[in-house]
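The structures considered in this document are given below.
In the two complexes that follow, subunit A is the common piece, with subunit B as its partner first and subunit C second.
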Partner chain A sequence: MRTQQQTTQEVLDLAAKHFNVPAESLAPEDDFFKKLGIDSLQTLEMLSRLENHFGIELPDYEVQGVSDFKTLAERIQSRL
Partner chain B sequence: MLDLSKYQSIGQALNDALDQFADEVCLIEADREREKERLTYRDFKERAHPLARGLQDAGFAAGDRASIIMTNQSKWLISAYAIFFAGGTLVPLDYKLTPDEQWQLLKHSGASVLVTEYPIWRQLGASAERAAAANVRMVLVTEAPTNADLAATRRWEEFRGAGEPVFVPRTRKDTACIVYSSGTGGRPKGCMMTHENYLEQCLALSAIYPFSPGVRYLSILPTNHAIDFMVGFFRPFISGAAVVHLRTLRPEYVRAAFPKYKITHASLVPLVLKNLQIGLQAKFDALPPGKRKIFNALLALNKAVTKRRPRRGISRLLFKQVHDAFGGELCAMLVGGAFTKPETLQFFYDLGIPVLNGYGLTEAVVAIAVSEVKRFRADSVGKPLPGIEVRIANPAADGVGEVCVRSKTVMSGYLNDPELTAESIVDGWLMTGDLGRLDSAGHLQLTGRKKNMIVTPEGMNIYPEDIETVFESLPVKEFCVFAANYIWPKRSMVGEQLVLVVHLEPGQKCSEELRRDIYARNNRLLNYKRILGVILLDEDFPRTASLKIKRNVLAERLARLDSSAAILPL
Partner chain C sequence: MKSFTGKTLRWEWRGGVIELTLDHLPANEIGTAMLSELEEFVAAFGVLAPETSVCIVASARESVFSAGADLRELYNKAAPLPKEERLAGVRDFVGRIHAVFNAIDAAPFVTIAAVHGVCFGGGFELALACDIIIADKMARFAFPELRLGLIPGFGGIPRLKRDVGNAFIRDVLFTGRSINATRAHAMGLVAQLAAEGEALRVARGTASQITKFDPFARAAAKDFVKPIPLEELRREFELFCELCTSPAVMAALKKFVEDSGPMPYLP
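Let's turn to the complex of A and B:
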């Protein structure tokens, strides 16, 4: 079982890889819309990648209003 | 399709449709790749009538208001029908609003019943604004876990009355829905839409784009959205068509739904259409040189043969793979809710994929004009729909003025706001606040918003949306053009200027190369149409639930900046 910290780091790594930005430039508290410069549809694409990586399903409503990596990782952790 | 001229209300028409098309599939609910539910019109009625009876048993009566705050799913439609059947007025609210905003609108609407989903309810229940909306006496919550503490709320799935409900008739002039076009930040604008508004809108749309059994409509917009309520609910239902509800906007599932369900019609907002365009373009760009050459030749051929009118059969032959990706049976995609770039419309037309460009506003149900399939034009939103009069108020020398609308689709007014109603509906004409012109062929061409404009020293009116197209494909995250005086109002009619607001990609710098690009594009414009400066904004543009830019909200954010420092001269 992953720890919350591990999950958060994996979320950051995957987002960095998906959007081709240095992993070290992302922090848990970052607003991913702002930091990655992505729109709502691109966010949904990122969620699909995260789901595949963690082997979970994250309904759209679970991430409604979520905009930072930390909260996103918490939502993922709760479904692991 | 039912003969709507004979009907008095939405509920009456839907009630008849459920009987007339009883064996047809009316609703398919899909969550990602899984089909969760498939209902015939008979099934739908069997789900909805006990709910209507339950509402009546709880004292819900003619004219009472019930709100729905839900994502895109079948229970939205079932609940809405039950409310109409019981004679109620529906208050569809945007599930993407904050809980505080939702309570504010619930209070303003006077709704006594709220139907919502469990995840939304969890947030609503935690909001401090809840106490303010004491008018909400009953809450029905869908899909709550078995161990959920629902306190005083009721489970939607268990809220059933015994016996048949009693149909409550309404007249055409009664309010069917209260739809909020804006106002969460201040003055709520609750549009009171009558049953007649919807019946007449449906008639107008059906006169040129009829639905029938066999139509499979893909619904990806939330049903609280005016487009989906009309085109993805009422209209297909009174025609015996099937609605495919997708509970996610994830692009991969939207793309997959087209071939899976052999979709014939869909409504999209420009952002989604653009996403589809980007996906297709990426595939074309990835073709090996030989295939790319063939593709280009086919494209040229298709452009030539469809110059005067679409030839769907030929286009499907030439671009079989592309059309197969859309299911092979796509008749039309309606795009609306925001300005769609002519280039995007042209992109799809050149592939033989019909995209109808629509224009309308909540105050007039949804659609005022829709472009024609048979005579494609990327530069217009088409002619006004049958029964809808459009005139241009105070036209300038170039014919541009405020678009005014008179028809049976125009709302009766704003709830509790006679002053605003009087400002918006003058002598029976709805003043849209949008600017446009009617050309010699009767096509409506939109040029901008009433207030977001400049007048040059030469007396030329310039509209930001008019010049945005020159910046299309600018290598930045997103951009928008504003009249600076719209952001920073000033009591002067001289010295106005246009500014380009740019949101860069993450890590992107406003490089010399980018500046040169903007400069070069700007120079393609006539001199009096050029932007005079750039504003860099390091945050996402605010967008509505239907993903269009909230220009007024963006302008409010920009207004906090010091204009002299924020505007970088070109």
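Let's turn to the complex of A and C:
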């Protein structure tokens, strides 16, 4: 079982890799819309990547209004 | 007409296979422009069908098959109209959509939706009208209509009921959540899973297999296994039009259209 810290780090690493952002530039409290410069389609792409990576389903309504990596990782942790 | 290039889509016939490619910025929304060109496409079936085994429906847009109905156009056209005219406009538009999707559903050749990225609402309904859905692992499917006070209106519910179990349909409809390709495959909605970016290649491979078969046997098999649920489609059409007149729908559409945030308003 992953710890919350491990999950958060994996979310940051995955976001950095797929949206071509230096990993060291991302922090758990960052607003991922602003930091990654992503739109709604890319946000859904990120959701698919996260679901595929963690092997979970994360309903849209659970991430509605979430904009920082830390809270996103918490939502994922509750589905692991 | 063996090839066509319009403002929102194009098609090309080659070796018994038609490739219909949606290519309309920003997200292949289905509005009046795409509907008109889809009508041209199905009108060409009479010419294309005798020499066609398969039609592949795909998208040229990155990250999206189709985001569904053009809600901005729908709202901007409907908002200034009195209720009766608004309803008449909706009935005309949705009636034309049903005619096109029914023609694709009953096409005298095999239809394959090669899906990548977002496949929501009307886009999902277009895929469901096809015989086979091949999706890459990044595809997502959703019916978000209830989040706007509506039901799917382009034939989505009867066609989904034709293909998958009712418990799954209730989850998808009542939550409005999107589901990934792996889940859609597990539920039997997606016939074949492809690697990221490979749905069209896999669809072409599948098409080349289908072209080997006798056309009469193929058409007979399709008639036998894929009846069109016309009565349920009619009832869905009436219910959708009735709901469209609700002030709650116009209010929800207004919030959606005016939201300039990174994720458009959806409750």
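Side notes on the structure shown:
Here is the rule we use: the second predicted complex is superposed on the first by the 80 of 80 C-alpha atoms of A that agree within 3 Å, B and C clash if a C-alpha of one lies under 4 Å from a C-alpha of the other, contacts with A are read in each partner's own complex, and residues count from 1 in each chain.
By our rule, a contact is a pair of C-beta atoms (placed from the backbone, for glycine too) under 8 Å apart; a residue touches a chain by one contact, two chains touch by 3 or more.
Note that the structure is a prediction, hence the values are computed from the model and not measured.
Using the contact criterion defined above for the overlaid structures, shared-chain residue A:S40 touches subunit B and also reaches subunit C. When both complexes are overlaid on chain A, the residue A:N52 reaches subunit C alone and has no touch with subunit B. Once chain A of one complex is fitted onto chain A of the other, the partner contacts of A:S25 are limited to subunit B, with no touch recorded for subunit C.
By the touch criterion stated above, A:Q64 is placed in contact with subunit B and with subunit C alike. Within the superposed three-chain model, A:E10 lies out of touch with both subunit B and subunit C [touch as defined at top].
Using the contact criterion defined above for the overlaid structures, shared-chain residue A:E74 touches neither subunit B nor subunit C, since it reaches no partner. Put simply, subunit A uses residues 33, 39-41, 44-45, 47-48, 57, 59-61, 64 to touch subunit B in one complex and subunit C in the other. Listing the residues of subunit B that touch subunit A in their complex gives 32, 71, 95-96, 98, 117, 119-120, 123, 247-252, 271-272, 275, 477-478, 503-508, 538-540, 543, 547.
Considering their complex, residues 19, 21, 25, 33-37, 39-41, 44-45, 47-48, 57, 59-62, 64-65 of subunit A touch subunit B.
On the side of subunit C, the complex with subunit A involves touching residues 27, 63-64, 67, 117-118, 137-140, 142, 175-183, 262-264, 266. Those residues of subunit A that touch subunit C in the complex are listed here as 33, 38-45, 47-49, 51-52, 57, 59-61, 64.
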